[in-house]
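Two complexes, one shared chain (subunit A), two partners (subunit B, subunit C).
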Partner chain A sequence: MLFLQLLLGGLQTGALYALTACGFALIFGATKVFHFAHGASFTLAGYLFLLLWNNGHPAWLGVLAAIAVATGFGVAMERFVYRPIQRHEGGFFTVFVAAFGVSLVVQNLVGMWAGRGFVVADSSLSRATEVLPEVFLAPVFWVSLAVAAVLFLALGIFLTRHPAGVALRALSQNSDLIRAYGLSSHRLSLLAFALGSALAAPAAVLTAITTGMNEAVGHHVMLISMAATIVGGVGSLKGAALAGLSLGVAESVVLNFADPQWAEAASFVVLFGFILFRPSGLFGHAVAR
Partner chain B sequence: MTAYLANLATLAAIFGILAATLNVAVGYAGIFSVAHAVFFGLGAYAGAQLALLVVPDALLAMVVAALVAGGLSLCLALPALRVRGEYFVAASLGLQMMATTLFTEAKGLTGGMGGLVGIPRPMILGVEVPTLALALTALVLILLATWLMARGSFGRTLRAIRDAESAAEALGKNINAAKALAVAFACAGAGVAGALFALHMSFVNVESFTLDQSVLIMAMVIVGGTGTLWGPLLGAVLLLSLPAGLSFLPFIPPTEIGAVQQILYGAAMTLLMIFRPAGLLGDMRTGRKA
Partner chain C sequence: MRLSRRALLGSAIAAPTLARAQGGDPYVLGTLFPLSGPNAEYGKVFTEGVQLAMQHAEAERMLRRPLRLQAEDTQALPQQAVVGMTKLVNVDRANYVMVGFTAVSKAVAPIGDRSKTVMVNGGAVGPDLAGLSPYFWNTIPLAHLETREMLPFMMRRNLKRVALVYVDDPLGDAILGIFRNDLPRAGGELVGSFSIPRTAQQFGPVAARIRQTRPDTVYIASFGAQQGQIIKGLRDNGVSVPLTSYSAMNLESIRNLAEAEGLLFTSQQTDFASGDELTRRYATDFKARFGSDPGTYNTNYYNATRLFCLLAGKLERENKEVNGDTLRAALLEQKEFDLVGGRATFDEQGSMTAAIQINEVRGGRVNVVTG
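Right after this comes the complex of A and B.
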């Protein structure tokens, strides 16, 4: 029964990883920016929710504020960090270093302001009940799966039906052609950053309710999102989501066989293997690099 | 006070070696490794074990450390030959995370979190030598080697690969060999720095070889200026004196010094990338594609 318990726990973590990974993949696919500060959106959203919740504000306010701060952070990064760097033709490493710097600043500011170590939002959603003999589930499990499913459905409909969604997909395929058709690639990049960062907020809120946050959580989330994007295949949101889900499940199920400290390393062994033997990922096209 | 300054100077020399060798990979060959602390660690453990188990000879320790780190640099060279850009950064991040776990768990070789303690003072031919002299000599030799390499044909080949890989290949350059060699040199240098670090501190544990350390070394190279000879050294001195300087400021509580330091160098990295991507000593014209 331990295995089933771990599997269910992994599904929940995986659903949340899938959301953040999908946000990262959306940004990377559309704008080709390796948004290494994506984890900072997650941290900011989670901590803002915790602050409002622990001060007795209603949950919907916290969720809205979390989404707003994540979106705002993503848009600000694009507007004030990535755009100026790309204007003077900075290479990808310039972008990476700048984003890394921002994520260090956010992590340490949050640590100084909110204290280091884990904080949890105490909520009735995370109270577990025994559903099967020796298998415990909290309502937050179903909430996480439902939120992830609804958001993926909505994102899929937006990207295929709405003109702006179609334009986003076009941007990821050929940004020159977008401009030839008279669309602003800058506006679309901002949209990609807003959407991708907003996807991190629900995941952050649900993480804050279940396991809690610490100031370094963004780091871990970022590495997982990056790994999932590459394993899933760059340019494929479906691949990133699926890889995020599997990484979450794998990280949890591995506990059945090994000590917890190997869980994170296991994800990176998978990532390393994919980069060596199949850099295009599960669903990606061959990359010309 | 002299002991304090000597300690700071030794650390500056050690991190100068780390930054200078990472610069060979990042600045000259365009291989953006975020796993330099892994090879620093390998060298430190190799040097420490040799000093503990066999003989505390500094030269031998450095040679063995360089061999171990240079040999295992294949772990980094393989992805460098397969993929470029973001993919390679991701691969090196993966390597760094795996190595941190291995360093923590392989307790027989590394002592885990407790680390290796009581590493004897360094000797050369049975005479005890100060680590400051050793570190400075090694730093000068490595800077000299970098300078010679950058001027010679190998340096030109590396820069050609960095700027236009296909063009370099079309001119008949053996890209794979050049990249592997650059990585091996950088990692062996990090190994030497590791051995010096172990002998100097006479204690090593995994906390010195984490992702944070890799990022710190990378920040030194970036802040000073990639692809320049003196830039990484300047970056190392600046970033190392930062915590020392901060501890003299009365309004920062001692518990927050680490955080303030990280905020400062994070902000410095971001602002430099926006306004001066080639680093403090870098050439603005060549820095744009870094």
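Right after this comes the complex of A and C.
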């Protein structure tokens, strides 16, 4: 029963990791921008939800506001940070340092504004009850899985059926070809940032309800997103989502065999294994040199 | 032109000397606190105590020279702390450095020891912080003194089967050692010990493992935002037994956490309402300046700062230089000081002794259970 409990807990965590990882992978795959401030989108969304929730506003308003702030932040980063850097032909490292700097600024502003401590949305959704002997499940388990499933389905439909989604996929494969067809790569980049950042918001809201937030939570989110993108295969959304889910499950199930201190290490053992034996990731394509 | 240049040069050379003669060079009080990251709440709390003590010292004219606060952000990480301590010692020439967190304290102690800079801890409770260096002092009772009170209390409450969740750092290791040695002697049993990394945020799986050990209580030895996450993770995932811990739980974010209801933790004894005049003034002024009642950590760092003012004031009156050696000699000569909370006594290693009380979180407030 312990294994089943750990597996279920891992699925819940993994669903949230999958959402944030997929958002990061969408941005990185389409724009090739290493958006380190993706964790800051997560932090802002979570804190805005907490602010509204703790002031008695309805949950739907908090969720909408969280999505809006995450999307707005992502778009603003593309428009006012990354695009000027790229215009001046700034390299990968310049982009990374700028994103890292912005994420630090956001972290400190959130700390100054919301206080430097642990905050959580008090909700009955996170309280588990015994559904089987020795197996506890909270309603948020079903909510997490359902939200992840619906969003992945909607994203899949958008990317395969909608012209903008198809163009976004084309951008990730060949940006020159996009321009040859008269499409604006700038607009598509904005769309990638908007969609990718919006995906972090539901995960942030569910994290605010389950494990709570602190202003430094973004770094952890970024670490997981980066690991999932590599494990899943750079550029593959399906891979990033599956890898995020797997990392969450691995982090939890490892407790069946080892001490809790190995939980996070398990994720990185998986990452290291992929880097060594399958550098292209789960769904990535090996490139001949 | 030449004359004016000479005059200018001469006055530039003379200026620092004049300033010194007028008592212009400030004493530099360095702080190595986490001001960002998941433990930043402590940095704010620690700094408030220092700031109020400096305000009182200046109002009372305790020293001839002014005080200057030089804060370095450690994020509660040893690496950053070493960088900060090196700067405080070599660049800022700090006279006195206040630190917190066991791992941080152990990392910076050799630097302070070499430069003979007094370091004072008011937040970390690792038992091996006593005697770390002749220049390393504590204004907080260390963990072994807290568990010495908590273990008999747990036995009286029939909380004999104990599961320990401890952070994987020197503090957690020290508390594990104490529980392994002292819990069986007190009549209890350590039914499980669960080491967690400092960065861990998911505690549902740990709760599942803890439930299997069927404990009477879960003792939490962690700090910062992680403490709240552990409490919530355990409560949300079916761990309903009483939770116990140490003084690191004395934070506003824990008091406000619904899942922390009934949490029992130790802290040093301080009676702000019926104490001496110094304690009452401290409590009143703290509330006026920061808008809340003071907590243990505020008090410890207020006391650490006041201790410097008392020692440096004594040395000034005796026309002695204020440095690590003279401060230490003054501490060991006097040993007893009037600080917030009453008369404080320091031992040969520079550690303050204080009575311990057991507290319980009820309705967002901390109530004293015994003490």
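The criterion applied here is as follows: the second predicted complex is superposed on the first by the 285 of 289 C-alpha atoms of A that agree within 3 Å, B and C clash if a C-alpha of one lies under 4 Å from a C-alpha of the other, contacts with A are read in each partner's own complex, and residues count from 1 in each chain.
Following the convention adopted for this analysis, a residue touches a chain if its C-beta (ideal position, glycine included) is under 8 Å from a C-beta of that chain, and two chains touch if they have at least 3 such contacts.
Computed from a predicted model, the values in this text were never measured in an experiment.
With subunit A as the common reference, the superposed partners subunit B and subunit C clash. After overlaying the two complexes on the shared chain, residue contacts for A:Arg127 are found with subunit C alone; subunit B is out of touch. With both structures placed on the common chain, the touch criterion links A:Phe93 to subunit B but leaves subunit C unconnected.
In the superposed pair of complexes, A:Gly101 makes contact with subunit B only, with no contact to subunit C. In the superposed model, A:Ser252 makes contact with subunit C only, not with subunit B.
Once chain A of one complex is fitted onto chain A of the other, the partner contacts of A:Gly115 are limited to subunit C, with no touch recorded for subunit B.
In the superposed model, A:Leu153 lies in contact with neither subunit B nor subunit C. Of the two partner chains, subunit B and subunit C are each touched by A:Gln261. Of the two partner chains, subunit C is the only one that A:Thr210 touches; subunit B does not reach it. After overlaying the two complexes on the shared chain, residue contacts for A:Ile85 are found with subunit B alone; subunit C is out of touch.
Stretch 200-208 is the one among 200-208, 218-226 or 272-280 where subunit B clashes with subunit C after the superposition on chain A. On subunit A, the surface patch touched by subunit B in one complex and by subunit C in the other comprises residues 104, 107-108, 111, 261, 264-265. Here subunit A touches subunit C in the complex through residues 2, 5-6, 9-10, 12-13, 104, 107-108, 111, 115-120, 122, 126-130, 134, 136, 138, 210-212, 214-217, 220, 251-252, 255, 259-261, 263-265, going by the rule given at the top.
Interface residues of subunit B facing subunit A in the complex, by the touch rule stated above, are 26, 32, 78-79, 82-91, 93-95, 97-98, 101-102, 104-105, 215, 218-219, 222, 256, 259-260, 262-263, 265-271, 273-274, 277, 288-290. Considering their complex, residues 36-38, 40-41, 43-44, 168, 194-197, 199-209, 211-212, 224-229, 232-233, 235-238, 251-254, 257-258 of subunit C touch subunit A. Listing the residues of subunit A that touch subunit B in their complex gives 28, 34, 81, 84-85, 88-105, 107-109, 111-112, 223, 226-227, 230, 261-262, 264-265, 268-269, 271-272, 275-276, 279, 287, 289.
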